[in-house]
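Structure first, commentary second.
In this document, chain identifiers A, B and C correspond to the written order of the chains, with residue numbering beginning at 1 in each.
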Amino acid sequence: MDEPTLLSVSGLHVRFSKSRNLVNQVLGQPAKIVRALNGVDLSVARGETLGIVGESGCGKSTLARAIAGLVSPTEGQICFEGKPVSGLTGRERRDYNRRVQLIFQDPYSSLNPRMTVGDMLREALTVHRMRSGAAVGTRIGELLDLVRLPPDAVERFPHEFSGGQRQRVAIARALSVEPDCLIADELVSALDVSVQAQVVNLMLDLQERLGLAVLFVAHDLRLVRHVSHRVAVIYLGSVVEIGPSETLFTAPRHPYSQALLSAAPSLDVRHRRTAPALSGELPSPLAIPPGCPFHQRCPHAADICRRDKPELRPAGAGMAACHFAGDTGPEGFFPALPSLTTSA
Amino acid sequence: MSDTKFEAADRPVMLEIRNLITSFGPPERPLVAVDRLSLKLRQGEILGLVGESGSGKSITLRSILGLIRPRGRVSGEILWKGRDLVPLSERALGDIRGKEIAMIFQEPMTSLNPLLPVGIQITENLAAHTDLDAASRRREAITLLDRVGIPGAAARLGDFPHEFSGGMRQRVMIAIALASRPALLLADEPTTALDVTIQDQILRLLQSLAGEFGMSVILVTHDMGVVAACCDNVAVMYGGRLCEIGSTDTVIERPAHPYTEGLLHSIPRGGAPRTPLYSIPGLPSGLADRPAACAFASRCPAATQLCRETLPLPTEVAAGRMLACHHPRRTAEELRHG
Amino acid sequence: MTTLEFPAPPQRSRLSAFLGLALRRPAFLIGTGIIAASLLIALMPGLFAPYDPLAFDMGAIQQGPSLSHPFGTDGFGRDILSRVLWAYRVDMQMAFFATVFALMIGVTTGALVGYYGGIADMIFGRLVDAVITFPFLVLVIAIVAVLGPGLVNMYVAITAVNWVYYARLTRAEIMAQKAQDYAAAARVLGYSDGRIIFRHLLPNALGPVIVYWMTDMALAILLGSSLGYLGLGAQPPAAEWGVLIAEGRNFIMTAWWISLMPGLAIVLTGLGFSLMGDSLADLLRPKGR
């Protein structure tokens, strides 16, 4: 991407303390800390799609919410157009809120059930003074047209729409404030496959037309590969690998990326079941192991992995956080798994 | 997988469904959820049942065990080892449920008793369906948990369902289902709520159980990837009716029904990144306004007047390949020889 | 590129859709009918009452129900029917004023506390604990005893205790709504807290509160009557159901109608509020959830 960086995240940590019950408080036991994000670094440029993948509980939704301002970072910084967001106040802060929009996974709970589509769009337009007077109505029509909903959707309530249509309403609402960056948190995972394609096509089209930066958070790897320019793989609240989409999917460097990609069901019936299954499950974010967060499940773990947490370092066309990725020739330490390199 | 490929014709047919119709609502204006569905399942076969929400795939599964009673009505024949399950009383079905035919669901938390340790829930099932004594029931429970891949099985017998993670709970659920050594496992979206890495482990587990014990499995899913990963055969449903059945490889490589083709097309694979995905136009029709003719006609690119007037009936177009379409995307010749 | 087919639901306004649903519920119809009739009587008791409720008739003392006095007469020959009808004015007033301020204060406090949480929420939690430890009636009687008897003081006493219950309910509802994605969506859109609380969350949280309010009005009539009976609420000779029952208590064996008839009025009105509240609970739930 030649475009300048729009949004960047550096060393982002988010920790929640689990509430203690009275007995534990009296006994003076310390509150348990959930370490949802542990030093995330990434950036996204105008017009670029950055895919974010990982297992549930890895912190990808927390990352989306932190960037959208719903969760405050414990440490680290989010910079928008080079300015730290934490330093913004008043007008600038409101402006940031407007320019970075989040679309939620569940279109059944993200729309207020008591407001019509027209009410929702009118509210967003007037609160941010995007339009005034009669121009508001015109703009609502334009927005509905943009997401390909019929004009009579204005007077309808969310329950009158199907899941895919609701997600279009959510997109229209996000676009009404003319954002520069869209965070799509599992945008289509609640929808049927044939409807998913409709919504993804709409998003791709709108991104091209409006030059939006998109953070595409999803667990569907095929979809992420299709829509993203670059992809970041998150494991236990850290980015373990980030790089151009095609290289990451064809030749993943980090053993976790390799395992994740090989676990994803492929439609290629001739290549199934060649890689060993990844054993074990994601450790709890309450007790993150020392050293490399992945070492307990990693087939290649060595002593250094149990001791030191690897930093992101250049590996191939991207970056990987593995002690053994990158410095061992063009193919990396671990050969990429053959089953992933081709798909029908 | 291709070395352990399922040899179709050699094994006995365990389950045969003929003309299954499941309907709800008032008898004079029934809402037909499953319409004249027929399929066969052999010993050790994993059959994928694929379709979008509202296609009738889960209702089909529930109809087999009479789980839609009393609101739903079932007609047709469900032959389990040659015996028709449809006319059986709730009590007679109860003897088959959980013993010969077991079922697992998408959300294991709701189907496990939250107040009982999992060990007790497994031994309970063993006590109901086997003549083992208490000590051997305990040993068997440990073996089962071990078999489904729960580390430190003996130590976890006393744990409650909430102490397990989602993937582990689904395994516990499978262990309970397997306690009675069922000959058929009905799995309703067993991995939809799980991550791909866990899904992968569960699917492998199902495959090895089918391979080793000759257990048959019907796997309901909306994900063609899951089907490709572990099913021998696949049945595609749309609007309560069967579109086509065939071996997984041939259906995925040579789909004949326009709906199957559209479904496979809309999954991104191999195409140029960031190009529009194929999407089937329109929306599925609701249960109440389903046409008497082909249900897919309104969204189908190949539909003609014939499709809007006459219901295409499933016919065998090649060995093991059923198809219900007036205008298949491939000729019978292509289907036979690839 | 994408064709969208739109299932066309019948075009109806929100009000007519609501009425359409409401009219199909007999419980709602009966409840609303009772309350509407009660309100009408409360507004114009003179129109329905055959006699002056305070007029003595020494020629007709403690007469049983008859054609000329359908509910009978009391120890001063006053017509019970007229007194019960005139009492609607006081009792409906009680139902409303004893609850509406508690509703307003409670909903506002509960909404703010539920949305912001933190220290305010902790203090509120302790306050709730403190209030619900005492039996409701005992606490109200204690406050009236300090302020002195009378209707207005009774309203103050009931409101002082009752708002806590509204606040507790609203707080729980707001917290549940706050966890929904649409609340987060409103924050992402940069809406002010006030807008989020009062325009987005509260309309969705208010359903159960309204239903509780309906039942609470029935309870307020019972409470008001009890206080009237004890001589702490409405003062005789004003016609109020509790006062009327109290007047008949010495004659319950000989002239049962003096206490029974106002008692029936309490039951009927309470039933009306309860039926209306229960069916409102169904009607207020947003569709498609």
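Note that a residue touches a chain if its C-beta (ideal position, glycine included) is under 8 Å from a C-beta of that chain, and two chains touch if they have at least 3 such contacts.
Values in this document were obtained by computation on a predicted structure and should not be read as measured data.
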If you tally C-beta contacts across A-B and across A-C, the winner is A-B
Most centrally placed chain, judged by C-alpha centres
A
Report, in whole Å, the distance between the mean C-alpha point of chain B and the mean C-alpha point of chain C.
54
Round to the nearest whole Å and give the separation of the Cα centres of chain A and chain B.
32
Taking each chain's centre as the mean position of its Cα atoms, how many Å separate chain A from chain C?
49
Which residues belonging to chain B are in contact with no fewer than two other chains?
276, 279, 283
Residue numbers of chain A (touch at least two other chains)
198, 201
Show the residues in chain C shared as contacts by 2 or more other chains, in ascending order.
1-2, 4
Residues of chain B touching chain A in the complex
1-2, 52-53, 151, 165-168, 195-201, 203-204, 222-226, 228-229, 248-249, 252-253, 262-264, 266-271, 273-274, 276-280, 283-284
Complex contacts: residues of chain A adjacent to chain C
65, 68-70, 94, 97-98, 100-102, 104-106, 108-115, 123-124, 127-128, 148-150, 152, 157-160, 165, 170, 173-174, 177, 198, 201-202
For a test of understanding, state which residues of chain A touch chain B in their complex under the given definition.
49, 55-56, 162, 164, 192-198, 200-201, 204-205, 219, 221-223, 225-229, 245-246, 259-260, 262-270, 272-273, 277-282, 343-344
Using the touch definition from the top, list the residues of chain C that touch chain A in their complex.
1-2, 4, 6, 9, 180-182, 184-192, 195, 199-200, 203-204, 286-289
